[in-house]
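Worksheet: the structure to be examined is printed underneath.
Here the chain labels run A, B, C and D in written order, and each chain numbers its own residues starting at 1.
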Amino acid sequence: SELTFLNLVEVEEQARECLTKMAYDYYSAGSDTCSTVAENRAYFSRYRLLPRMLRDVSRVDTCHEIFGIRSSMPVWVAPMAMHGLADSQGREVATCRAAAACGVPFTFSTVATSSLAEIQATGHNAAIFQLYVIRNRNVVRRWVTEAEERGFKALMVTVDAQRLGNREADARNKFTLPPGLALRNLEYLSAGSTAQARDSADGSGLMRLFTAEVDDSLTWEFIPWLRSITRLPIIVKGLLSPADAELAVQYGVDGIVVSNHGGRQLDFAPSGLEMLPAVVAAVQGRVPVLVDGGVRRGTDVIKALALGASAVLLGRPVLYGLAVGGQAGVERVLQLLRNEIELSMALAGCTSVRDIGPSLLLPPSRL
Amino acid sequence: SELTFLNLVEVEEQARECLTKMAYDYYSAGSDTCSTVAENRAYFSRYRLLPRMLRDVSRVDTCHEIFGIRSSMPVWVAPMAMHGLADSQGREVATCRAAAACGVPFTFSTVATSSLAEIQATGHNAAIFQLYVIRNRNVVRRWVTEAEERGFKALMVTVDAQRLGNREADARNKFTLPPGLALRNLEYLSAGSTAQARDSADGSGLMRLFTAEVDDSLTWEFIPWLRSITRLPIIVKGLLSPADAELAVQYGVDGIVVSNHGGRQLDFAPSGLEMLPAVVAAVQGRVPVLVDGGVRRGTDVIKALALGASAVLLGRPVLYGLAVGGQAGVERVLQLLRNEIELSMALAGCTSVRDIGPSLLLPPSRL
Amino acid sequence: SELTFLNLVEVEEQARECLTKMAYDYYSAGSDTCSTVAENRAYFSRYRLLPRMLRDVSRVDTCHEIFGIRSSMPVWVAPMAMHGLADSQGREVATCRAAAACGVPFTFSTVATSSLAEIQATGHNAAIFQLYVIRNRNVVRRWVTEAEERGFKALMVTVDAQRLGNREADARNKFTLPPGLALRNLEYLSAGSTAQARDSADGSGLMRLFTAEVDDSLTWEFIPWLRSITRLPIIVKGLLSPADAELAVQYGVDGIVVSNHGGRQLDFAPSGLEMLPAVVAAVQGRVPVLVDGGVRRGTDVIKALALGASAVLLGRPVLYGLAVGGQAGVERVLQLLRNEIELSMALAGCTSVRDIGPSLLLPPSRL
Amino acid sequence: SELTFLNLVEVEEQARECLTKMAYDYYSAGSDTCSTVAENRAYFSRYRLLPRMLRDVSRVDTCHEIFGIRSSMPVWVAPMAMHGLADSQGREVATCRAAAACGVPFTFSTVATSSLAEIQATGHNAAIFQLYVIRNRNVVRRWVTEAEERGFKALMVTVDAQRLGNREADARNKFTLPPGLALRNLEYLSAGSTAQARDSADGSGLMRLFTAEVDDSLTWEFIPWLRSITRLPIIVKGLLSPADAELAVQYGVDGIVVSNHGGRQLDFAPSGLEMLPAVVAAVQGRVPVLVDGGVRRGTDVIKALALGASAVLLGRPVLYGLAVGGQAGVERVLQLLRNEIELSMALAGCTSVRDIGPSLLLPPSRL
């Protein structure tokens, strides 16, 4: 009953009250000057929508499917670390249940505070496993195998975070995992690792964990190796350059997420939305292209699709919903977004996701 | 004597003091992020006017006529719901009398708190009836017939509101019709409807009424049907796309209002002014093209005409004038606007509305 | 000694303290939304200067001459009404003396609080008479003859103020001439006129005076008539359109001031600087082209000259200097501006006004 | 331990607390309206970086060499007057030691509060001497000879400050050298000079010193003369125009710094970054081109290199670091910047300075 937020911007304000400063900063911040975080929102605002009138909009269908994964709307929950900071009881499990209840796919981060088994136990039939490639390939292989066995529907390989971005707020807060939470997937690693994430003597513990474990010598050769050990669709997340998209397709990925990691990696990287058309042009329909970063409104989703995206990932608002209301909070976030998509489609004269095309867009205005 | 506002921006500040929060929010707000409300104003600012000097401007004539409807200036009062929120005694009747006193056409909304008979009784000989097409076509037919019989001069069919935009302020305020007011035109509907608009248990009652009654399966086929039951000029209001303008002309309308409904429907829709030139180009003079959204200054009216509009509709300032000073307040609003148009025409070197053309405009600056 | 302002922006802040609200508002304000006042400043900011290095700048000469009128810098004092509001003792006489002391031409407004005889008595040998053309041509002829006899060096005919702009601050303040001041040139008119300007029963008295006396049927035919009664150079002030500049030249003017009257006439008129290049192109060197509006810095003067102006008029800062320090205040204003011009020329690699050309400018950035 | 600043913007806030107002204003301010100071930062923001993914970034090398001068990163400390205002004990000596500790070249200003001998004594093997050319060429010759003898590695001739820019804050503060500090290089001049800089009876003493001593009749002929008396590389600092760059090369310079002197000379000069591509195009690789003004982030350095710079100069943050923490403060400034460069290179997919090229850049967005 306390869930009074009316949109995905408002939920952030409410979450800010609920979260510790350390958690809020970790969730909200970007790297360096946070210019890319701002750009992610600003870029959506540059596009205006040209609606069409007097089309029969008595039935508007927001349903959507890619990689055989069905969704009640063209939105997936983005992989995000440590839901336990928002809801130490519910954690990723609560988010996953909310996503299941709303018919929305859920991406489970490597850096989760829940286990693959717990996600399986929710019964969500559209969970995706996000993979940070660490040096220890035996552990990588074990994760992939387990994800496949536990019914995950795809793998999302993050390629923009071999090094962690310079998030000053975390350094200032000496960000560390609070007691009572564990990075469950990392338990396959030597015992020291989680401890490391918890130790905050000198700045962000997460930063140190990454430096220690994540493989910063990774190259595209990883994709064929991964292909050889799994039958799941492989989606790469975190590229921006059309040239990288071309490489991704050549190395055999099944899908691409154009993303700047929510403005948390290279500062002054362009928004995913800005690069989307060039990536779509490079990919030429060979694989689906998703996009994320800054999606907050139903009209944002429509803009992304009109620019060629197959779907969008939704990040922070999910964590904020979880902080404000646990599973119910996430459900409200997803429901509000679906309502906005549905109403905006109706107002724009679209009755199905397929109706959303470039003719809905006016040329971008200047930032 | 308390009418001290000097322009149509100031009247809003004063009205804000007079109105309940619920009423002010309802009048002022837009949908979602209200980006389109802001764009409506911003877009006018992009245009600058290049005046001509030393033309004899001792006589400046602001008079204007379209559809055989004469006006003391190229401005009509826009159709707006529920004037009774601003002046529960005067309601649309007071506005209509003010418009008559100033020689300005008045558009009467379907969702009025006065009746067609009351408007007729004002003796205004330039009233237009705005039509929301509801599922019950018998009632639609009855409205049209009655409007015609009561001397209304044209029908304005609103085509951008088959679904109501997401106005969060109204949801937050649980917007509902205050006691003592009734949606008089809706009394032809089953008794439950007005009651519905009044019930605010769960968010905006108006939203529920729309969902229940307005026909969201409407298509352009409605125009020929309407043509078949009336001899009045049919003006469609609320399209933005040149393609829709082409359809409108093909389906036989007599006039078009390029409008985004004051930023209250699809958020991120462009301003009417932005789309006006493209619509004018598509229509090629076959029918007059009006525009609305954000008109607040005499120079705005001149800009709209210079971009090809035959006239503009004036929205919110009329309601604000009504709130501040009843009929006299509306008269002052209209008088101030006429004064500004007249003086700006003189300063720009124009002596009649016909003198206002594209050569007055400089290329738009960037937003 | 209290003259502490360091530039022509700061002097406004200090003047605001010295002046009555009525006077400050009258001096500072623009018409309607004051968009053109803001644009006048903003447009200068769009231009950047590309300096050249290692030119011998040990001697920088800012001197300048047009119409045989010499100046210590390419700046004239603009015609402005009622200096007596800033300094009721000194009035235009103090300003004129300051201009003379600094070697700067002074333009004396029709609407002055001093007389032609008083200006002559200052001994300034570079005074210009600004002419508002009123209906009573006998009085116009008398002014012109007297100006010529009293040694004025040119006539500046203002062509953008046959009607007075809508200055809301003046209406709000019921602007009127304070006791002890008289519009001395208007004493040639029937006794009632100055009284009229003083009566503030209903809004700006100045507005009423203008409406009563100024000839709003004026056309370009006035120029040949004026030519026929005087040997002084005739400069028209207040056009913006290149087409009007062409007319002005054809009707025989000797010079042009591209101006929007300091943003006090048609709101949303472009800045003079914006139109300057087009006017210069139209005039093709047949007569000198000056510009005004928003000049506050030495770099502004350099930008105007680089865009083709022969000189600039300086408006409000002169009145502010007068308010802050009487004659000495105006001298400081002019001295600071000359210092800035001289230093900026040196830093840019220019040693004389003739060196200032288009190659100093970079393409304008966007507003 | 009190060195808590996390980046080169934050250090300014902390320095503001440590410095006297006179010193802070002198360090931070620009000329006139300070538009160029702002532009220096704004222009960097216009560029976004397009990162490449999945390149092996386990070894990122930020090392760099030009003119045989090696650096741990493509950054030099800019020449700046009077470090003694920040740290009256440490002065330039402390800065130089910090630069040496970090492997970064240090440029020593003519207007230093330390002597050439003191710099030599630090043992830094990559010091550059910045030369203000004064009228007294015997002193100039003596400086050059001494710099060469004391092991300085290059001469940097500043060409944009034959006259000092109009820094109003200094005039307001009557800026003067505090007791206990001396302009050591100027001691070769007649005894009166430093005294002059100290006397603040009427505005900035520095301004008067410059007017008295610096040679404002300097031309490009100075370069061959300088060439004839030294074997050191000659770098000119402070040009913006490609035409000046062409002259510089023709007159035999070995390097160019595109610079507007930190916005302290001609106001409304463009940022060095803006002119960099045109200068690089004019120079066609004949000599290295450096740039400065507004560098605050690792991504700024990458942007400058991607636009063709060989290296950047870093100005104010060095002084701020010195104010906050003496030598250790400067070391932290340099270390933070190196960390940011290294991490940003890794995130962008670059492993050496040579990898940084134009393909990293997206077209500039509008200011």
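One rule holds for everything that comes next: a contact is a pair of C-beta atoms (placed from the backbone, for glycine too) under 8 Å apart; a residue touches a chain by one contact, two chains touch by 3 or more.
Everything numeric here is computed off the predicted structure, so don't read it as measured data.
> Taking each chain's centre as the mean of its CA atoms, which one is farthest from the centre of subunit A?
C
> What's the call on subunit A versus subunit B, same or different interface residues, using the half cut on shared numbers?
Counting which numbers both chains contribute, under half are shared, so the two copies meet through different residues.
> CA centre of subunit A versus CA centre of subunit C: separation in Å?
60
> If you average the Cα atoms of subunit B and of subunit C to get two centres, how far apart are those centres in Å?
A distance of 43 Å separates the two centres.
> Residues of subunit A touching 2+ other chains?
366
> Touch graph across the chains, line, ring, star, complete or other?
It is a ring, because the chains touch in a row that closes back on itself.
> Under the definition above, what is the set of subunit D residues touching subunit C in their complex?
32-33, 35, 39, 159-160, 162-163, 165-166, 168, 171-172, 216-220, 222, 238-241, 243-244, 247, 265-270, 274-275, 366-367
> How about subunit C: which of its residues touch subunit D in the complex?
Residues in contact with subunit D: 6-7, 9, 45, 47-58, 297-299, 303, 339-340, 343-344, 346-348, 362, 365-366.
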